[in-house]
Amino acid sequence: MKDSVEPYVTADGRTIGDRMMEMRNITLRFGGVVAIKDISFDIREGEIRAIIGPNGAGKSSMLNVISGFYHPQEGEVWFRGEKRPSMKPYQVARQGVARTFQNIALFNGMSVLDNVMTGRLRQMKTGLWSQMIWKGPAEREEVENREAVEKIIDFLEIQAIRKTPVGRLPYGLKKRVELARALAAEPDLLLLDEPMAGMNVEEKEDMSRFILDVNDEFGTTIALIEHDMGVVMDLSDRVVVMDYGRKIGDGTPEEVRNNPDVIDAYLGVAHD
Amino acid sequence: MLDTDKTEAATLLDVNNIEVIYNHVILVLKGVSLSVREGGITALLGGNGAGKTTTLKAISNLLQSERGEVTKGSILYKGDRIQDLSPSDLVERGVVQVMEGRHCFEHLTIEENLLTGAYTRRDGSAAIKADLDMVYGYFPRLEERRGSQAGYTSGGEQQMCAIGRALMSRPKMILLDEPSMGLAPQLVEEIFGIVKSLNEEQGVSFLLAEQNTNVALRFSHYGYILESGRIVMDGPAAELRENPDVKEFYLGMSDEGRKSFRDVRSYRRRKRWLS
Amino acid sequence: DLVIPDLSYRTGPYAAGGIPFSDGYQDYFTLLNERDGGIGGVPVRVIECETGYNTEKGVECYEATKGEGALVYQPLSTGITYQLIPKAAADGIPIHTMGYGRTSAANGEVFRNVFNYPANYWDAASVAVNHLLDENGGSLDGQTIALVYHNSAYGKEPIRTLEELSAKHGFTLNTIAVDHPGQEQKSQWLQIRRERPDYVLMWGWGVMNQVAIQEAANIRFPMENFIGNWWAGAEHDVTPAGAAANGYKSLNMNAVEDMPIFEEIQSTVIDAGMNAGDGSNLGSVLYTRGMYAAMLAAEAIAKAQEIHGEADITPAMMRDGMEALEITEARMAELGMPGIGPEFTVSCSDHGGSGMGLVQQWNAEEGNWVVLTDYIAPDEEVIAPLIEADSMAFAEENGITPGCE
Amino acid sequence: MSDQFYYGIEVLLNGLMAGVLYALVALGFVLIYKASGIFNYAQGVMALFAALTLVGIMEGQIPFSHLINAVFGTDLHHFGWEVPALFAILLTVGVMVLFAIAVQRFIFRHLVGQEPIILFMATIGLAYFLEGAGDLMWGSDIKTLDVGIPQGGSFWIEDMTSGLGSENFFGFFIDRLDIVATIVAIILVAALVVFSQYTKQGRALRAVADDHQAALSVGISLNFIWILVWSIAGFVALVAGIMWGAKSGVQFSLSLIALKALPVLMLGGFTSIPGAIVGGLIIGVGEKLFEFLIGAPYLGGATENWFAYVLALIFLVFRPQGLFGERIIERV
Amino acid sequence: MLYREAGDFKTSYVEDSQTFPIAFDRYRYWAVLLVAFLVIPLVIDDYWANAVFVPFLIYAIAAIGLNILVGYCGQVSLGTGGFMAVGAYACYKLMTAFPDISIVIHVILAGGITAAVGALFGLPSLRIKGFYLAVATLAAQFFLVWLFNKVSWFYNYSASGQISAPERSVFGIAVTGAQVAPWAQYMICLVFCTVSAIIARNLTRGSTGRKWMAIRDMDIAAEIIGVNPLRAKLSAFAVSSFFVGISGALFFAVYLGAVEVGEAFGIQKSFLVLFMIIIGGLGSIFGSFAGAAFMVLLPVALKVVGVDWLGFPTDTVAHFQLVIVGALIMIFLIAEPHGLAQLWRLTKEKLRLWPFPY
């Protein structure tokens, strides 16, 4: 059952309706440090939701709560209209939540292809025994998934480095491979933690295009942390602003940009 | 805006046609030459994988532990060859690198991290204390988290920590690798402000590898553009900012001004230097 | 020539025991070559092979040397022995395990290729008890004996025999295991201190011996009531504890007195620079044992030559020689080693020798072992049935029909 | 009180003492791990090598005499002099420093930045090398080590406590060697704690362990730090070698004491100097009491080896970094 | 160009994921198998079987097993000796309890039992990581050895605690016991080894292998991506122990014929197998073979050179052997930390570019 709320229309004319994920009064503490203080917000089906805020505001921690890696001391996470019980991260992933990481977390010992293939664990179901024999179901499954992965590789234009071990790749390509891995899972909700850090404008443009295309073509809901205001303002449908663990703003880019609290805490000067 | 032709100051660092090979097989730098003038801020720009990090590591001699080596060319600092010095000798001579991706000492607290930065100094604990306060002055957030283990601080806090740590050695020349990465816009401005004031007040020279071309060119005097291991363009920062290619590819501006990220197409003009 | 492999170990945890044994084993053959031109006119060729007390290396050594026409193997390790028993049976090469190895191999009807004369572990256990019986006027009733043993196949060997003997003689047996390597034995010796057994027997090897003797001294256990078996009674076992080791006793299957043969080895072998080791071990307990082992092999070769009328014998002939071996007082004296071992004869049904052993005691001041007793006979009544049972079980498992052809 | 109770106390006391001896070995591991993230498997062999060298120097043995004799047919053994214990210890420390320099120059300098398992493997190679080299240098026979440390139970304690239970009770047995070891260990631990917590080098040491590259980048000389800690670890190995060697003679098996130190290390935490001592005490007491109460009476004895590991394992399940180890940072 | 892949295009993903994508490699692989199965059995003698081939093949199986755990799944284990002992004793008990069933089945069952034991001892890996785990696995090593030593049921109450393999045959040809022919010993090990390698290869190229490698490279990220760490780690422990158990069973039954647990399966064994995979190359099946060959052959070769050719005293050679093995391990690690397999890979990469340097 979906949680109906007032739909709204985005800048490019799409209607955004039901809630997919809702955070209710989340509080997360580490010893004395309060990383998140009583924050509530929602993510709706099909939107691009940005989370911004100064360094150490608790943005990444929030993503970690969503993906089940941190368990908040207080508050509830609602997913598709149901309260989500305490879950292990891999169970959350199986529900269709995929993500990238701020400090790239690729599997360095594996090739790009293998990294992206790991993203498809949700789709691969053959057991140990058929894997041992290989011929038959295991091989068939491998080929099917390989085809799907190749599509993503084409889509992100990383064909040329398919077989390269990821450890050797430069930073920007690693980010792209990470995105590929997340996309391979065909997620319903995609969490991106600073996907464009360390990229130049040209690369940011590419990345923006990928993100928009994913959102358009697959209808994937995206939650995004980013420090480049240009990107955030251009891409996102709605923005949450955090500061020191608190929420200080929530709304369309337009609203947020003009929110005095946000300007104070984060933007410094009103952004052009 | 800084004036670009400040002085005819002496060349502090001179990189001459170097080649770098990883693992004995992967050729990454294919003859890179650049120089940094005493008291200057020099930016090294270029896309992902262009070899910026590799260049900086070649200078600070950190390549060895990555199984990379400089096979050709020379690197001179104040006229002396420094290729055979150990990284710690270099730090003692005043060349220190802030590595890409933070590299804080996870298990040490923020304050201990900063103190290790003063490892090579012999001028007594009072002076070190003073510099510690200076760093805290630059980054108040660090002072708040001084007792936390660096591994548990946020990405941006770690970045501040890494920069602060480098400052603690009282360097004459800092190799900064992507200082703005992962920092909030306000902080980026702040950091570059700090770079500028260090440069102006204490005469520290900088070699700066950056993706954030906009800011980098705004604060530096001279710039080099590196692509696939070769320098493809160089010039005073102000000139580079006006170059149409740089504008399009590095600053994201077309003739009509800044485009929205929503409107970018996959089509683009070929870079002129690749023709 | 007559090929004798020497599976020695001069490295690893047991090197201290392996070195003197191997020195003695080799030096004796060198003496024969130098003095007599070999045995029956055929020179002996010793092939030394380092095993490091490691079974896999032992197998490699065996395979590498057997093609050279090896006459007899002295594996010097229980583990290697067990591996070689089936292999050597298939290859028809005899094995001599002197005072170690598979005890039930004394039954030559089952183990036709394996010889463990002059004595085995079960004999040793019985000899020790008999010695204590002697000391106590024939009765151990109500006494307590603790067995401190290396927690391995080797260390566990005497337990069954001692259990039988404890039932027979009415003493209480406490077994106390020490795990390999035995650097740390506090628990064991505190236990001994608490339980205050009248006697402690020890089946130890390697560093365990040195530590045990030190710990015994530390808790002031009367050393003369502490008896090691014959692998726990060499000089290097007691010297690290210094004066504290004075009075410690151990079994021995060979005497350690000065013998004329040593002078001969000194002049003919060592002074000529042909010694296997550095020459410093001459006359030590394990050197003497190695030399004794070599002498038994040489005698068996001579016997084989005699039986088959051929000087350059084969392993099969060697086996016959070993089975017909007869060691007498006179012969030992003639060889320059009077009383080095007990008299015994080998037969098809008995490959185990007399089973006799003596007791020696350490004199720390003089730094030498003093022979305390004559050769003491074991209690065949107890041991024979044990051997019978164990060897028959092996025969059944491996489909061997016991008997002499 | 029954005798059994006092016996228990005695076992406990001895467990504590044994624990101190384990801790002495564990300390060497901790130092090197702390400074480089290297799990130094060779620590046990270093103890053996140090002890061999000490005995060799004291007795005026000619190094490599076996080899020389084998190659040149000479008959060398001793120089013919003896060196007093204290002086010999100093010389041995010198040898261990040279060893540290060699280890750094020829091995670890080339392995900066490698994964921990590779470094670990290199130390195994080192262990083999050192074992062979020690044998070649000093021979593989057992040597008696006597630097004048008293051994045997302390009569004074025994007399003071005898008859505590019933009159059958002998009094507590406490080895004087263990008492000496305890004192030495306390001094050593105190000195090392001060060194690593309160000095610049100590801080640098921990920085190096976290990130070789970053440490280089701030100007810490890995060479110097590593030579320093390997030297200290060599010294600790010598102390451990003396204590254990006095008990059992100096011989190959001495290197196996490393296996007794591992559970201690695990329980105390790989990076904590006080942890080594506390871990040692817990392991010592734990294994001895288990053997006394359960092992010997019900399980047939010789349980100490595995029980120490199982005990450490149980602790680890609750604290995966050991009692005092640095928290394992898990973040993304 | 000596070594070429140009012109060797793949037109389907099946072809692309095969074991040897380059034709040249594939031919060499078949050639090796051909020699191993058809030539060597004809010429092998006792010495080559017992000193070289049989131990090599058995250790290769153990190395493959350990490599799955350490190289692929990143869980360092020092319990290999103990697990080999489980395989050996399980095999012994099965052989003596069910003499009529084929030894091949016994060996496989022994592997299965070891897999169960391995998974059990793998449980702590959920909490304990890195060297802590490595040391923790020593608990398994020491406990298992103690157990097999203490409980006489395991060695059928024999007086000495040794277990000896009775004679058993496959297709009427003895493969254990006194009468076994060297080629028969060799063949049974070869078959087990080949099948093990193929299974290991299949497991590591598919999704199971990727789960393991993900856990190895970054366990937290792996979990967030959807890898169940419990199942991944335990399956690695189980599969690894399965192979190790088989090798233990063969080690006892086919190779040595009689073992005593502390001596044959002590901690030295754990280290030896670990050496093999590190020298050979972590995370590489080929590396397991290379490492096993290296560690089996090197001592034999050194002995042959030192004692037989140069005529040095055996003890000096043995000491030198330690020195040389130790030095070689260090030199290899310095030259190529990722083992012989990586060395081989780089050589190929260079050959491919040859004669152009980069």
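Note that the chains are named A, B, C, D and E in the order they appear, and that numbering of residues resets to 1 at the start of each chain.
Criterion: a residue touches a chain if its C-beta (ideal position, glycine included) is under 8 Å from a C-beta of that chain, and two chains touch if they have at least 3 such contacts.
Remember, predicted model here, so these are calculated numbers, not experimental data.
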| item | value |
| --- | --- |
| Number of steps on the shortest touching-chain route linking chain A and chain E | 1 |
| Touch-network distance, chain B to chain E, counted in steps | 1 |
| Which of A-D and C-E has more C-beta contact pairs | C-E |
| Chain A-chain B separation of Cα centroids, rounded to whole Å | 29 |
| Rounded Å distance between chain A and chain C, as computed from the means of their C-alpha atoms | 74 |
| Centroid distance [mean C-alpha coordinates] between chain E and chain D, Å | 32 |
| Where chain B and chain D are represented by their mean Cα positions, the distance between them in whole Å | 45 |
| Shared-contact residues (touching 2 or more other chains) in chain C | 10-11, 19, 151, 179 |
| Residues within chain E bordering two or more other chains | 146, 220-221, 224, 313, 315, 319, 322 |
| Two or more partner chains touched - positions in chain D | 66, 135, 140, 300, 302, 305, 331-332 |
| Pairs of chains found to touch, sorted by chain label | A-B, A-D, A-E, B-D, B-E, C-D, C-E, D-E |
| Chain D-facing residues of chain C, complex | 10-13, 15-16, 19, 151, 175-179, 181-184, 186-188, 190-191, 193-194, 206-207, 210-211, 214, 217-220, 236, 239-240, 242, 244, 273, 278 |
| Chain B partner contacts - residues on chain E that touch it in the complex | 346, 349-350, 353, 358 |
| Residue ranges of chain A touching chain D (in the complex, touch as defined) | 64, 69, 101-103, 105 |
| Chain B partner contacts - residues on chain D that touch it in the complex | 112-113, 200, 203-204, 206-207, 209-221, 223-224, 271, 326-327, 329, 331 |
| Of chain C, residues touching chain E in the complex | 8, 10-11, 19, 48-50, 52, 54-57, 59-60, 62-64, 66-67, 78-79, 82-83, 85-87, 89-90, 102-104, 151-154, 156-157, 160, 179-180, 386, 390, 393-394, 397-399 |
